[in-house]
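Okay, so chain A shows up in both of these, paired with chain B first and chain C after.
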Partner chain A sequence: MLARVQTWWIIFRICVEERLVYRGDFALGTLMRFLPLVTQIFLWTAVFAGAGKGSIVGYGRNDIIAYYLLTTITRAFASMPGLASGIGRQVREGEIKKFMIQPIDAVGFLLLARIAHKLVYYAVALGPFFLVFWICRDYFPGWPEPPVLAAYFASLVMSFLLGFFLEATIGMISFWFLEVSSLLFVYMLFNFFCSGHMFPLEILPQPWQGIVEFLPLKYLAYYPAAIFLGKVPPEDLVQGLLVQAGWVLFFVIACRAMLNAGYNRYSGYGG
Partner chain B sequence: MSYLGVFLTFARNSLIRDMTFRANFLIEFISSTAWMLMNLGFYALVYRYTGNIAGWSKYEFFVFISTTMFVNSLVQAFFMPNAQELSEMVRTGGLDFALLKPIDTQFLVSLHRVNWSSLGNFVIACLLLGYALPRIEGYQLSPLAVVLYPLFVVAGVLILYSVMIALAATSIWLGRNQSLYDFWFYITNFSRYPMEIYDGAYGLPLRWAFTFIVPILVVINVPAGIMAKPILADNPYGPWLAVFAVAATVGSLAFSRWVFQRALASYRSASS
Partner chain C sequence: MSAIQIRNLQKSYRVYQKKEGLAASLAGLFRREYRTVEAVKGIDLDVEGGEFVAFLGPNGAGKTTTLKLLSGVISPTGGEATVLGHVPWRRENDYRRRFALVMGQKNQLWWDLPAQESFKLHQKIYRIDPADFARTRDELCELLDITRLLQQPVRELSLGERMKMELTAALLHSPDVLFLDEPTIGLDVVAQHNIQKFLKHYQEIRGITILLTSHYMKDVAALCKRVVVIARGEIIYDGSLSGIVDAFSGHKVLSVQFAGERMPGDLARYGEVLEEVAPKAKLRVDRTAIAKVLSSVLAEHAVEDVSVEDPPLEEVIAEMFARNQATEVADAAAKPVAAPPAT
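Moving on to the complex of A and B:
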């Protein structure tokens, strides 16, 4: 047991150090990522001026800006750059074999590496994030109640897990297709539109809004932000979080099942 | 004439290369189109809740979007892959070979590859323009607009090219410029909106700077305004903006040429 923990700890530390190599570039890149927000602020100001009313689908102008800011946080948790394509590459080039030979679980390894990457990311990105949110503090309606805040953090952590297992599951498809980049692209496209990354999901007309309600994608950007802004009625919070947890569980199982099925049909191309 | 001939050869070779990997070509074609359609979907949604954005009605704004697609598809087809490759050429020393060739180096590195699949958006933009124009209230197509529109689209492409090649040339000084594409994206992000949205205490200086210092706001706004509105009547700067856009195009091209040559002068080969 102890040996197992030690192994995982060493893997974790290696991944952290690997990630710290380019920290300066990293911090600057994070700050630049907020630049499009500047145009969003101007755009939505113009939209509200044109609409001539204070709120659209329950969002005021400040709410919308706050919403975009909050989705950047959710995305920082839920987005998994290179995860599925990385799995695809490992399958294609035969690197995945090492997980069959070594006593290390592939999903566990990937998860640990991802946690390490994310932790380093937060450590470096905290400065830029803090700066931007401090500058934009007037757009926020204020801190939510402690239980809501707790629900927000729970939802954030689950959005990380959901993002990881969902994308890992997609990556596992490469056991069957070898090349998943076009499939990934379709996923990214849907994700961008349906997760609430582009706009608050309330803007969608029916029946689309109803459909998106039932997809797991909304937990990858929209849902935590909506909790923070008080868009989720308190009595629905527990149920919403349970549904999110259900989706996480579903993809944990799906990912494992796909991995096992994949191992069974894998024939080890490449060196 | 010989430069045109060389360019046509580049275009032909690129097409042959693209056609070798047809599935990939198709995927790129669909993906770049899908992104733009999604963008369009976003604005279609927003216009359900508002009659106009900064004085642009829904279909006027669709003209604006199709102009964005025209300009971007041209830039991506002709210049984007080359500018990205330039920084790689500097790092690997491949620029040596470009310098040795008996042809203008900036011409060679700017145009030697054509990314045909990016022209998919050009077709979509034509369709969108044809769809949106007749739906603008009380619209009358003036012959002047028909003549000026393509000219100013080209002017816009040239301004963006200048910004891009000047940015790419900095990789000669920096050794490597990996975040070039990011930086490019964030800068041109400002150009993709009507300039009227930049208003207020922070917006006006921003508008001014991105019009007169780095003239990226005229790139889309001028041709879109010429096509969608009665010859720029609503524009804060009036028809003078179009005159300025011409000057800005010439100025940016000259500036980028100067930057490029200065950068080349300090090129130290990375050994090849």
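Moving on to the complex of A and C:
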């Protein structure tokens, strides 16, 4: 077990080092990601001014800006830029071979690499994030009760795991189709609207709202934010978190099964 | 028990046959034609521990496919194989810790980081004792003369330097079996020579089993006592390198230096004239007729010097591959076209 932990640690450390190689790109990528936050605040202010009413589907202007800021945090955990397309490229160009010939688990490696990249990014982004949230502190209704806050953090961690394993599963499809960019585009499109990334899911008309309830996507943005803002009744919290954990487990199994099946049908592309 | 045992190993692929043009591309969205390529057609092979064996063959002969099968990168369509008692395509960690695969120009190192970081990762992945790791790394780096390059990002190394780093990474865990797929491809002669020298030395001191594919005859001649020739997915020769000439060349080269400046005008009656610069001539003579031709030349002309040699090895192998490819084309032409399977 100790040897395994040491391996994880060195993978993690090397991934961090790799992330820090291109300083300019790293600094720009980290700092410029705050621009969408500002534009969304202006957008929703304009929407409420135009609508001429105090609330939309139970969300006031302050609520919705707080919601958007909170989904930004969830997205920071759950979004996995380049994961599925990266797996597709590795399969197409034959780089995946190294995971087949070396005693190393591909999924574990990718997960550690992702944790390292996220940690490096947010270690640097923490300052600017804190500043934005401090400036916008009046939009928030206040801190939730400790059990709700604990549920919020649990949901955030699971949103990271769900985002990772869901997108890795899509990436594994490249063992069959080689190119997954179109599939990924469709997924991103659904994710954009059905995860609550752009607006609270209560805005969706029926039957879409009902359908989204049965999809895992809402746990990638909406659900943790809704917990924090008290939109999830306390008596439903445990059940909601269990369903989210169930989705994580489902995609962990799906990802592993597809990797094993993919290895067995792999044709060793790329020489 | 042999280190590598292969019995009736087969691998076939289904390859999409894309026709030219936009119409064919659109039609391909609904119905595709596939061709089954039999990359490996039931080969049998035994390699003893400590042997250095070369796989020779033209492009597409099945050499790399065989190495991929033996390293567990792909699974076979039929047959059996064991390496060090393990079935490769089960990809057991116990097996993966005992072999290494190096594919020419395929980078397994971290591109943006110095190679020493990749080496550390290998140490952990293969669970190499720290003292053993330091000793092996230093030994390999010294042998390959790369110690000064360890802190340089891999992307800034030359092709030859990267291949040395790849070899080092592959050998850090002291594998019992090493698969080398064209390790000197794209390297200049100096780098090729350095890699050859290293491999020869390393194999001698460690006694590991090595399977090498290469198109460079110099690699093979310098390193391997045993040569396996694969063509069209089948083993057509297994023996010594020099034995290839006996097995596949039907002629010898007769070099004659005539006395004086005058050359006989009817040299073609002895054999095919390869070179004719008075007073010297080179003739290609059928192997079975060499004794008779030689005695005729000596009896009929004043000869100052004469020698009989085998044709150059590379020429024999090139001819053998060309013959094999011609047979393949003829077979394909003779084969009736099968109806494509629906997709």
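Methods note: the second predicted complex is superposed on the first by the 256 of 271 C-alpha atoms of A that agree within 3 Å, B and C clash if a C-alpha of one lies under 4 Å from a C-alpha of the other, contacts with A are read in each partner's own complex, and residues count from 1 in each chain.
In the analysis below, a contact is a pair of C-beta atoms (placed from the backbone, for glycine too) under 8 Å apart; a residue touches a chain by one contact, two chains touch by 3 or more.
Predicted model only: the values in this text are computed from it and were never measured.
Chemist: After the match on chain A, would you call chain B and chain C a fit or a clash?
Modeler: Because the two structures are overlaid on the shared chain, the partners are seen to fit without clashing.
Chemist: Quick one: classify A:Ile11 as touching chain B (first), chain C (second), both or neither.
Modeler: After superposition on chain A, A:Ile11 lies in contact with chain C alone.
Chemist: Quick check on the superposed pair: does A:Val47 touch chain B, chain C, both, or neither? Answer first, second, both or neither.
Modeler: The first partner, chain B, only.
Chemist: Between chain B and chain C, whom does A:Leu204 touch in the aligned arrangement: first, second, both, or neither?
Modeler: The first partner, chain B, only.
Chemist: Taking C-alpha centres, what angle do chain B and chain C open up at chain A, rounded to the nearest 10 degrees?
Modeler: Between the chain B and chain C centres, as viewed from chain A, the angle is 90 degrees.
Chemist: For A:Cys136, is the partner it touches chain B (first), chain C (second), both, or none of the two (neither)?
Modeler: Neither chain B nor chain C is touched by A:Cys136.
Chemist: With the two complexes superposed on chain A, say which partner A:Ala123 touches: chain B (first), chain C (second), both, or neither.
Modeler: Neither: A:Ala123 stays clear of chain B and chain C.
Chemist: Of the two partner chains, chain B (first) and chain C (second), which one does A:Lys98 touch, if any: first, second, both, or neither?
Modeler: A:Lys98: touches chain C, not chain B.
Chemist: If you stack the two complexes on chain A, which partner ends up touching A:Met32: first (chain B), second (chain C), both, or neither?
Modeler: In the superposition, A:Met32 contacts chain B only.
Chemist: Upon superposition of the two complexes, what minimum C-alpha distance (Å) separates chain B from chain C?
Modeler: 8
Chemist: Mind sorting out which residues of chain A both chain B and chain C touch, each in its own complex?
Modeler: Shared contact residues on chain A: none.
Chemist: Any idea which chain B residues touch chain A in the complex?
Modeler: Contact set of chain B toward chain A: 27, 31, 34-35, 38, 41-42, 45-46, 48-54, 178-179, 182-183, 186, 189-190, 192-194, 196-200, 203, 206.
Chemist: Which bits of chain C are touching chain A when the two form their complex?
Modeler: Residues 13, 64-65, 68, 71-75, 89, 91, 93, 96-97, 99-101, 103, 105-106, 108, 110, 112-113, 117-118, 120-121, 123-127, 153, 181 of chain C touch chain A in their complex.
Chemist: Looking at the complex, which residues from chain A come into contact with chain B?
Modeler: Within the complex, chain A contacts chain B at residues 25, 28-29, 32, 35-36, 38-39, 42-43, 45-52, 56-57, 181-182, 185, 189, 192-193, 198-199, 203-205.
Chemist: What does chain A use to touch chain C in their complex?
Modeler: 3, 6-7, 10-11, 14, 17-18, 21-22, 94, 97-98, 100-104, 263-264, 266-268, 270-271
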